[in-house]
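For reference, chains read A, B, C and D in written order, and residue numbers begin at 1 within each chain.
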Amino acid sequence: MSIMMGGTLMNKAGTSPVNIDLSVQLGPVKLPNPITVASGTFGYGTEYEDYLEINKIGAVIVKGTTLEPRTGNPPARIIETPAGMLNAIGLENPGIEVFLKKHLPHLKKNNINVILNIAGNCVDDYKKICSIADGHKEILAIELNISCPNVAKGGLQFGTDPDTVEQVVRAVKGETSIPIIPKLSPNVTDIVQIAEAAKAGGADAVSMINTLMGMAVDIKNRKPVLGNIFGGLSGPAIKPVALRMIYQVYKVVDIPILGGGGIMTYEDALEFIMVGATAISVGTGLFVNPRAPQDIIDGLSGYMIENDIVSLEEIRGAAVR
Amino acid sequence: MPLECGLVIEHQQVSRDMYQIEFISPQIAALCEPGQFVHVKVNASNSPLLRRPLSIYDADKRLGSITLLYKVVGEGTKLLTRIRTKEHIDVMGPLGRGFNVKPPGKQVLMIGGGVGIAPLIYLARVLTKHHYEVKVLHGADSRRNLVTLEKLRSIGAEFLPATDDGSAGHKGLVTELLAKKINPEEIDYIYTCGPDQMMAAVAEYAFNYNIPGQVSLEEHMACGVGACLGCARKLKSTDEELVKICKDGPVFDIGGVEF
Amino acid sequence: MSIMMGGTLMNKAGTSPVNIDLSVQLGPVKLPNPITVASGTFGYGTEYEDYLEINKIGAVIVKGTTLEPRTGNPPARIIETPAGMLNAIGLENPGIEVFLKKHLPHLKKNNINVILNIAGNCVDDYKKICSIADGHKEILAIELNISCPNVAKGGLQFGTDPDTVEQVVRAVKGETSIPIIPKLSPNVTDIVQIAEAAKAGGADAVSMINTLMGMAVDIKNRKPVLGNIFGGLSGPAIKPVALRMIYQVYKVVDIPILGGGGIMTYEDALEFIMVGATAISVGTGLFVNPRAPQDIIDGLSGYMIENDIVSLEEIRGAAVR
Amino acid sequence: MPLECGLVIEHQQVSRDMYQIEFISPQIAALCEPGQFVHVKVNASNSPLLRRPLSIYDADKRLGSITLLYKVVGEGTKLLTRIRTKEHIDVMGPLGRGFNVKPPGKQVLMIGGGVGIAPLIYLARVLTKHHYEVKVLHGADSRRNLVTLEKLRSIGAEFLPATDDGSAGHKGLVTELLAKKINPEEIDYIYTCGPDQMMAAVAEYAFNYNIPGQVSLEEHMACGVGACLGCARKLKSTDEELVKICKDGPVFDIGGVEF
């Protein structure tokens, strides 16, 4: 780590520190730092107010929002697994109108960078939500959840077929000038093909990865633990898969990547940046350490100072060959 | 709510699988109310990953300390036993909505099943201080697990045990004890925490005798603060939307819960 | 757990215990118990002789064997990950001829049930190995590794395309009368489709899951940790994914399943059986507890006695609805 | 090789980040030879998952005990520090092929870098017992980490330290000490264990003066018994096939290793 000397951080050589710049450019979206909080793990930003200065986070990706309100799946909705957890929340949310009227103004009042995450049952849903959201320039970008494994209709279908991915991205691009970031499902044979389709459809960046589809069995009752049977696996357990997929996409597809999956520490964040992520997201990690986003920002800053790195551009994709 | 690294000042085994841990956590102690819980990281590793919710068993606001009473049931609680005095424990809290500490009337009844007794102890302390008359019924498998006796005595609450093996008090269910020993006319308010089956019986009792009261529920949790929507449960009152135990509870009106 | 009383295990009610039968029928293959050790984690059976009575294991699936000897991938070949590990051994093995001449006789002398695991670069390789192995009736079955993610040629291609899966299975069925168990890759969009293809090709059972493809980054050196860049993720981390895929296949495809992925204890084994596995395999679990196979056999026996279960048939698929 | 649950009889911090742990493990102790290692499960949870290889630092065959000397470098070794005396430690071993305990000649030189000194101590004990004259050079960052001094004294080996900060012995690299203080004519056999760079220098020295010897190598391990083929490394001798450190090593001929 970097050394504190008379109040200033010093680099390894002990010479005067560089002026680090944590800001990143995720396609058309400029973020003050690369740390975002993942959709569905941070509510609408108020729940963690006691633990974080939320406007210091690169961006808050709000929970998955649909056209109409949804009540979500029956319990049990979560279960811990080795170094991870399964969730089957089922997109419980108040709908896009309530979000825009109630939550967005609160977020903006507090100077929070907002990325809206949306989900739908069909292309038309996505289009409608985007056209409703359009004009709200306070929304930095729209993350398109085409990969939620929990909803019977929509969900997996969109994220696993390249043609549909291209089609839905193109459709929403026609509805709004807000940058579009499709969130890719890892439950596919060829992630590169999907990323290429997203790009072809006009995506401004891609977000990856969403959860791996999994399940757990309650051996006492001899039935699935989750009310929904299947759930999404997140947390450190999936980090190796996330890194691999980002590596594959970064190597071949020329599109900025918002990377995540199991990030807990700044060292994890560095792994993601070195395989090509421009920004990163913390999800499950928040449940363990609600201060993780700030800790990661601080850790990255220290790392950059210590290693004389001015901009993360210098190490982005460094491990990809 | 604070996230604190509490200095452990006492950690002892109080029965075969129950432990009591006290730590200095001035911010949490200053804010906490009976029925609230803390969210505890039991180890520094990735597995088990999530925090564990544990009720505030007692709090000393002057000293700035929190005490938890927990039962070892799985990997997480087992690892928790390994934290030693003078080490630190990573806790978030106080979380959730606690019990009504200004119940109507003067005479309150608390019914705890197993380690469900934990949140009732701090509640009993606060209510006796506010001059309520507190009766506590506690159901346990055996006398060894009636670990709160001393505390309740010092608090000045009346204590009536029931044990499965008859080693102390009534032999059998605590709800049988309730039916046998308690005059519903003399009870103004009921609190209960324990296995769902027991709470269901208590809720029925409360309904039959028209006594108001509260229950404390459990559900698996991830965030503990209402962000993940994981700890959902259906109440009678709510049409569609599920309540979140961590934020809307863990304490709910006794009449509103579906068991 | 079951209770010991005067030397006999008793069931919950304390009445006299049932006569449990651990044997299972994996398609045409009868195993004395459902516990196997996974390919590549148990060598050729000699390495664990000090820890286990190896002939008590349901079957030993030997390490991946190819037509010609292979030296495998350059180091580093393994790295620990949260609740799992990545391996990129690259199929180091002495080739089928040496296996048949040197290892098989030794295994049979010790009365060990052997399942041969094979891998190839092309359909022809698989055919040749099978025709060489044919006639060796000591081989209970051949597990067809069509899913190894570590070898540039062959590997992923076979396991991810249904047509190729069907073709390779049909091809090897023509070469040998030894039962064929294709080992499915989890790195696919639709595992059911692959299992159906395997069945259509004539598979006698399917084995699932092989490792998830993943990677790790050495942030000090800014490069991938593994010499092969990508590796296979195994261990408890992947258990939820394995259970989900087995559930999906069991529900739809009528074929016996050899299940595995992250099994460490008998409780894990029960989860796999309850989603439909006929037999199960322990791989990475061995590295943590070399006695795991025996511990799981003992645990299952105790569970059956305690719950008055005579045959695992009674609980197989119990959680699938 | 046995899998034992060793009763920990001593576990102490011997410097800022070095610990020494002794446990009763009669089966392993009965079989072990210098240079072999044990494979240790540092915790009961799934993360960290794999065992950790640690050299046998000392063994008392009469008492049936094994002693390890380890440096805290990551999560696994950190968790290991939490095992207390009277608790048990889950170990497999002894594993691998140890040092040649019948080297030619009479005068042997051991060169350890950092915690690489560990396997050399038990070796020194055995060789002095067999009447070899043993010289041990140890390179450490500072005097605090020269934790084997007492043991070597009691064993009767000559000890020459080098420290980065000059707080004891030669200030600088242990390989400088080697060049300065050792007369190669007087050395019949060399053993070395430590960072690759150091061992590479020692191997060059051995080559230049034509002294036979052995090195102990490290590689990440999963099984520890030769089953997973994970701990592979290329030697000069082997054309194509890679050796497995856990089974073919960890000790190899000093001339055969590619650094």
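Assume contacts are C-beta pairs under 8 Å (C-beta built on N, C-alpha and C of every residue); 3 or more make two chains touch, one makes a residue touch a chain.
Bear in mind the structure is a predicted one, so any value in this text is a computation, not a measurement.
J.: Along the shortest chain of touching chains, how many steps lie between chain B and chain C?
T.: Tracing touching chains, the least step count from chain B to chain C comes to 1.
J.: Of the other chains, whose C-alpha centre is the longest way from the centre of chain B?
T.: D
J.: Centroid from C-alpha atoms only, then distance chain B to chain D, rounded to Å. What do you get?
T.: 52
J.: Could you grab the centroid distance between chain C and chain D? Build each centroid from C-alpha atoms only and quote it in angstrom.
T.: Distance between chain centres, rounded to whole Å: 36 Å.
J.: Can you check how far apart chain A and chain D are, centre to centre, with Cα atoms defining each centre and the answer in Å?
T.: Whole-Å distance between the two chain centres: 45.
J.: Hey, what residues on chain C touch two or more of the other chains?
T.: In chain C, residues 82-84, 235-236 touch at least two other chains, as defined above.
J.: Can you list the chain D residues in contact with two or more other chains?
T.: Residues 46-48 of chain D each touch two or more of the other chains.
J.: Quick one: label the inter-chain contact graph as line, ring, star, complete or other.
T.: Chain contacts: complete, every pair touches.
J.: Can you list the chain D residues touching chain A in their complex?
T.: 46-47
J.: Note which residues of chain A are touching chain B in the complex, please.
T.: 40-43, 47-48, 50-51, 63, 71-72, 74-80, 82-85, 87, 89, 92, 235-236, 264, 284, 286-288, 290-291
J.: Once bound in the complex, which stretches of chain D touch chain C?
T.: Residue positions touching the partner: 1-3, 41, 46-51, 92, 219-234, 240-242, 247.
J.: Provide the residue numbers of chain B that touch chain D in the complex, in ascending order.
T.: 43-48, 75, 78-79, 82
J.: Quick one: in the complex, what on chain C touches chain B?
T.: Touching chain B from chain C are residues 82-83, 236.
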